[in-house]
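Have a look at this one.
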Amino acid sequence: MSKYLLRRFLFAAIILIFGSLIIYTVIRCLPTSFIETTARQRSSMPGAKSYAEILEELNKLYARDTSILDGFFKWFKNAMQGNWGTSWVFTKPVVEKFREVIWYSIFLNIVTLFVQTFVSIPLGITAARNQYGKTDYFVTVFSLACISLPTFFLATVLKFIFAIKLDWFDLYGAVGRFHMQLDAWGKFLDLAHHMVLPVVTLSMLSIGGMMRFTRTNMLEVLNADYIRTARAKGLPEDIVIRKHAFRNTLIPLVTYMAYLIPNMFAGSLITETLFQIPGIGFVAYTAVTQGDIPFAMFYSFLTIALTQVSLLIADFMYAAVDPRVRIN
Amino acid sequence: MSEQPILNNTPVENPEPEIRLDDEKRVRVLSPGLLIWRRFVRNKLAIAGLIILASMFIFSFIGGLISPYKQQQVFRKTDTAMREYASAMINEDLRYIVKDGEKFSNIAAANFVLAKNNKRTTFDYAGTHYSFKAGAEDFYEIYSLTEIGSVLMLGKKPNFDLNEGETLTAEEETAIAEAVKTKTAAFELDGKQFVLRRDGKNNIISVTKPIAIGTTLIFDASDREGVPIVNNYEFIRGAGLAILENESDFTCGGQTYAIVETDDKTTVYRSGSEDEPFATISNLMIRATSPDVFLSTDFKNAFLDAAANGQRAFSLENADGEPVEYTITRTHNTYTIRTASLTELINMYAPPSRSHILGTDSNGMDILTRLMYGGRVSLVVGFVVVFIELIIGVIVGGISGYFGGIVDMLIMRFIDIFNAIPFYPIVFILGAIMDTMQIAPMQRIFILMIVIGLNGWTSIARIVRGQILSLREQDFMLATRATGIRTMRQIFVHLVPNVMPLLIVQATLSLGSIIIIEATLSYLGIGIKYPYASWGSIINAATNLHVMTNYWYMWFPAGILIFLTVLGFNFVGDGLRDAFDPKMK
Amino acid sequence: MNQQPLLEVKNLKKYYPLRSGFLNRVTGYVKAVDGISFSIPQGKTMGLVGESGCGKTTAGKTILRLEEKTDGAVLFEGREVYDIGKEEMRRLRPKLQIIFQDPYSSLSPRLPVGEIIGEAAREHKIVPSDEYDDYVTKIMLDCGLQEYHKLRYPHEFSGGQRQRICIARALALNPKFVVCDEPVSALDVSIQAQIINLLEELQSKFDLAYLFISHDLSVVQHISDAVGVMYLGSMVEYAPKDEIFAHPLHPYTEALFSAIPVPDPDYAMNRIILEGSIPSPANPPSGCKFHTRCAKAMPQCKEITPEMTEAAPGHFVSCHLFRA
Amino acid sequence: MAFWNKKQNGKKSLDPNYISAADSARIARENRKITTAYEKKRSRKNVPESEYLTKMRDPKNVVEFDDVHTYFYTDIGTVHAVDGVTFDIPASSTVGVVGESGCGKSVTALSLMQLVQRPQGQTVKGEIRVNLGDKAYDIVRTPTEAMTHIRGNEVSMIFQEPMTSLNPVFRVGAQIDEVIRMHNPEMNPDQVKARTLEMINLVGIANQEGVYGMYPHQLSGGMRQRIMIAIALACNPKVVIADEPTTALDVTIQAQILDLFRSLKSRINASIILITHDLGVVAEMADYVVVMYSSRIVEKGTAREIFHDPRHPYTIGLMKSKPILNKKVDKLYSIPGSVPSPIDMPNYCYFRDRCDKRFGRCNGAYPPQIQISDTHFVSCYQYAPENEK
């Protein structure tokens, strides 16, 4: 087991290194004129460093004067020591900015994961139980509709209906105007209130896929011989489903959920941007679209790392639910 | 036993039946195509998806052809707007009205102003001598002088030395002599003006000829017919002189005019029609902004009344008897009069109507037409990207699956690394670069297609590889090797057709997600740019809160189209997957 | 065996490497085929029996060079099959054919039956192209298929007919040697008999040599001239049919024979029940691989791998009980 | 419309073996109608017992199949998988059901368990009476809730594939516990476990405690089949259905399992329905044998009657076509042709076209069951008195 883990870790590390090498290469291949233009623009912003300083820092951190490979390792060394440079857009160290905003994203995504799990798994199972029945059709249509909805459109429609027409929620932002005057509980409620639409958006988008996945796997499991055995034992149908079928459906499902984590963060990039929730996604979007190289680099690295971590988690979860894997 | 006699109660006619029970012809089965079709149509959603997709294609590709509008046709509309109707100012500048057939150049006029300011009565320009008669502050009659000779006073007796061809009557001579004596510079005799100018002892005699009027007064005719008369030199001179001399009437062109002076203006009536003002004279200049418009006296009077009372607006009936509202704004001594008038505008944000079923957008283009052309872009981008994905995916996945071993290992690891690279940040950076570099919109589309295609090929490659790996293990592939069939034939006759169904399914499902990605990028302003439209870039309008709130028809239909198209692809893909799935009964 | 056998297998070995660890190092081998030897004369049938996982199918594939051998020799008409170049091997392939166990996965699902049968014959130019069509028809009729089947697809046929198609495909190439890899195991009893009869008919008609792989002893006994018994990759006993069925020597062969149920309710059973289950071929027992289940196991069986010995003329057995 | 139909017909003539699109759509429509009606009936709640209580014809029987028809509504037509099957399972006896694949033997067994793949598969006619001692149930009409007390408790089943029939994510012990707890709610966990261990021991596994905590994938095929047998016997059922219990196993393992069955037969008080295509297995195990061909019973009788005095040409052919160890034949007997597809069967002997003994009467309606002895019945005109229809 430990040998397997070690192998898995090593592999994740290799992917991380190669992946960030590619990111680094992309950054290094950026046209100089673009970098200079952006740097010049940035330096004219209030509170920013001077143009020369910005360029100097960039040259130093990204070792732009050496070959790509040399430069990469210099950068990698810097990065591993926590030196990610200063964001051009936010004019503060990248890591500091990250620490400020990541909690919004985590909150958003965890709530979404819960909502999604508790909606889509029961629905997917129900659909599989009466394949080609009315419920199945409804669930299929609903899930495919969810998959087919572009994030921005769903968000716009939700905002239009609930924020503009009904005025139940604020259009933008993670907190209200009077957030600072509220007590702790009030602050939480305020935040929760602002998270409703983003959570609904993110959940809707992911429910579809998960529901399909649950349904497909459930159907497969329901055709398995051991389900027939369970029925032949005289177990009532709902125990057959809840116990025998569900435990087996869980095996691919946990893997799916682990893979979902990095996807959710990528997906919340758009959603956070649309609702202007100041999470890592929105911040990254703002930074990256404005050519903030240090932040772009950091965010990309973070995403790769997250993907690898989620793969590791997937392996663990898989072993946790499937005894066949546990032994090997 | 079979030799036994046939019994009566058994059918004898047909001892050997046409078809044996175990003959496979006895029971009809589903043909391979029908088998797939049956499974496909069992899924009603797949049919719905097909219909949706067909409508989308017709809408985008045929709709664009039958649409009466072009993709980038900008629509205008006529609308009432407060436009400048007239302006008024207190005139302090001299205007010069030149008698017909005479010349009075600008430089001469400048010399005139100089002379006037220096209190001289004569001035020269280009060898010509001029004089003027200073009336009131604002009315000057300007003459040109013609020398007719000179007079030398020898004692008391004038000695005339006339130019050739000039004559003086005795009266005139007497008058001249008198003037010389009294040192009068100018006098008039029988309507003829004489000007004397000292030249040493000599006095040069000139006769004057009126050539122009310089005045700050504004002469306005009351109606359009009066304009040529009123603007005539004779009329202005007549009226001006009459005012100067406080006469109550004057004659011009055989017509007698009466002048009535009030506090702030002077009105001229034509004799015979005293109740109808013929012209007004004032120092207020009111001019219509458009040369076509003639301002009536009523209008001017109404304006003057309003201006005098400090009003900001006034109302007046127009020729048709309808009331028209005018507003007045004043800056220094200039008034601007505005009124609502019909004008042509770009037809922005037009609500849905008969001619624009879904209204127009912020560029004044027909949204429905934009949607049709946008659909083309979205669908074409989708197909091209899928094509790119398929080509790369099938080649890489095929190599990986067919050759296996170390090749497979390397390719799969490469795919792992490739998959780890986050897509959106890279595209955002790319978008920023393209913005900075000002890449042409068409090139942008191509770059976009390649980037999205590069993002998606790995999943196709994985699927192809997996499928080929599993097919390779099947006995029929082993049989092709055992029978010595060439590798190419193994791949293209036995392997590829079996991968096709899955590829078709995957391509269909990918199309949906590609359209979403393209739309998302376009929505964020990174993708398709004006003047090209895609459904995503049309919804981009909704990023403007004002548009989102007030003009739902600008973004909602495009969103619905994207949604329906992707849904269609997903429905069909799902149906195909079920249809091709050998596990399905 | 004076005359040169058509096919001779000498000490054939096929090991599959077991990989593990980060670098996918080979940490062991599954000895699927661990040194088997036999020979088949022209027109004769060699039966290969054994339970699942004993390596009989791998042996068949390795002999046909569908899997690469690890060691040993396969001589076809006196030539080492593994020494033949790639293109020449392709041209030799028609002589060496195979019929698979699963009639469902052994036919290309998207080709019509006529094409499945005829494509290789066309490719190897077995017949002139103008006779091609008739040739395919003739083969199909030989194998009990109808001409109108040509345009049908495999999924429209029953298992027995599919097996006929497989046989027709092999036969169309004019083979000399056919590996029949459990050709009747997946078929119903009444169809089994048809296929067995068909195989026998074709053998006498075309003078074919068969390697008949099966777990069904009664079928093997019916069709074979010589029988080899395999256990965990090794051949434990190899003898002419009559000899081996009359005097099974190896304890495993004995047990195997006694395990066959006889369709007679009054048959007095004298069954040798083997305890336990077949060990994993990845981790076979030391010494004689059978010693873990053998009722007659001796201490030496655990240590020493028995050699193949000729206990009676032509009767080879690998057991310490019969050491020469 | 007429034109359209014509076109369809024209298309059909291209390959008469294919169903036209229109026909296929019609079949699908009809199937849907029929299956929905059955499903509706089945999903009713609170069905009164009187609806499914019945009386045994002979109280000595534990199960009586009486003219059972189980149909599958498929895309190419209605498959009569079981088409009027009648036979009895006497108490404490083993009944072997033999036949080739697709002859309906498994579906017969699944009908008894109400485990036929729904909604396509429906038992549409006939009675399956199960003797529960004080009362008898007609399984065809028993609602699902009541079925749960019969399945695994009164009637249990062993399946063909031991590798996939056990749930891979639960420990073996838990899977046996489950069925005991389910049908004996009064037992406490310790008693349940004790019973489980007893059962594991019963099926010939020495290391009960160890196996109790193992997962199925840690066991070999033979061991798993033993566990399946333990599950089936755990609640002392009246009937055990063994559906090809040894087909997937190797010969030596099959011998072990058959040995186990034989030893269990004397120790348990259950009847066994042994479904197999292997005549040898049946001969070894069964007291009574039912031979099925193409969804119908062609011959039934005691094992001796069937093996020593087979009457039906199919039974005879079947026995002749199987090579027997140490019994030399030059050429195997083979029944010509193949098993017919059970769709649209005509009303004459299904075996007629493959039969080498057919004669004029065979063209008549499907032959009735003709009694040869007290227990021996055969469906063949050869044995029918000439005046009988």
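Note that the chains are named A, B, C and D in the order they appear, and that numbering of residues resets to 1 at the start of each chain.
Everything below uses one rule, namely that contacts are C-beta pairs under 8 Å (C-beta built on N, C-alpha and C of every residue); 3 or more make two chains touch, one makes a residue touch a chain.
Worth saying up front: this structure is predicted, and the values here are computed from it rather than measured.
Colleague: Give me the chains shared as neighbours by subunit B and subunit D.
Modeller: A, C
Colleague: When contacts are scored as defined above, which chain pair ends up with more C-beta pairs, A-D or C-D?
Modeller: C-D
Colleague: Closest chain to the overall C-alpha centroid, by per-chain C-alpha centroid: which is it?
Modeller: Per-chain C-alpha centroids ranked by distance to the global centroid put A first.
Colleague: Let me have the rounded angstrom distance from the C-alpha centre of subunit A over to the C-alpha centre of subunit C, please.
Modeller: Subunit A and subunit C have C-alpha centres separated by 54 Å.
Colleague: Round to the nearest whole Å and give the separation of the Cα centres of subunit A and subunit D.
Modeller: 52
Colleague: In whole angstrom, what separates the CA-based centres of subunit C and subunit D?
Modeller: Between these chains, centre-to-centre, one finds 33 Å.
Colleague: Compute the distance, rounded to whole Å, between the mean C-alpha positions of subunit A and subunit B.
Modeller: So the centre of subunit A lies 44 Å away from the centre of subunit B.
Colleague: Mind pulling the residue numbers of subunit A that touch at least two other chains?
Modeller: Not one residue of subunit A touches more than one other chain, so the list is empty.
Colleague: Considering subunit B alone, which of its residues make contact with at least two other chains?
Modeller: Residues 24, 29, 42 of subunit B touch two or more partner chains.
Colleague: Would you mind listing the residues of subunit C that make contact with two or more other chains?
Modeller: 156, 158, 161
Colleague: What does subunit D use to touch subunit A in their complex?
Modeller: 113, 115, 144-145, 147-153, 156-157, 159, 161, 164-171, 178-179, 182-183, 215, 217-218, 228, 231
Colleague: Provide the residue numbers of subunit B that touch subunit A in the complex, in ascending order.
Modeller: Its residues touching subunit A are 42, 44-45, 416-417, 419-426, 428-429, 431-433, 436-437, 512, 516, 519-520, 523-524, 526, 536, 539, 542, 545, 548-549, 552, 555-556, 559, 562-564, 566-567, 569-571, 574.
Colleague: If you look only at subunit C, which of its residues touch subunit B in the complex?
Modeller: 24, 61, 64, 66, 89-94, 96-98, 100-102, 105-111, 119-120, 123-124, 153, 155-158, 161, 166, 169-170, 173
Colleague: So in the complex, the part of subunit D that touches subunit B is made up of which residues?
Modeller: 15-19, 21, 23-25, 28, 74-77, 120, 294, 337-341, 343-346, 350, 352-354, 357-364, 382, 386, 389
Colleague: Quick check: in the complex, which residue numbers of subunit A touch subunit B?
Modeller: Going through subunit A, the ones touching subunit B are 15-16, 18-19, 22-23, 26-27, 30-31, 33-34, 37-38, 132, 137, 140-141, 144-145, 147-153, 156-157, 159-160, 164, 171, 266, 269-270, 273, 284-285, 288-291, 296, 299-300, 303-304, 307-308.
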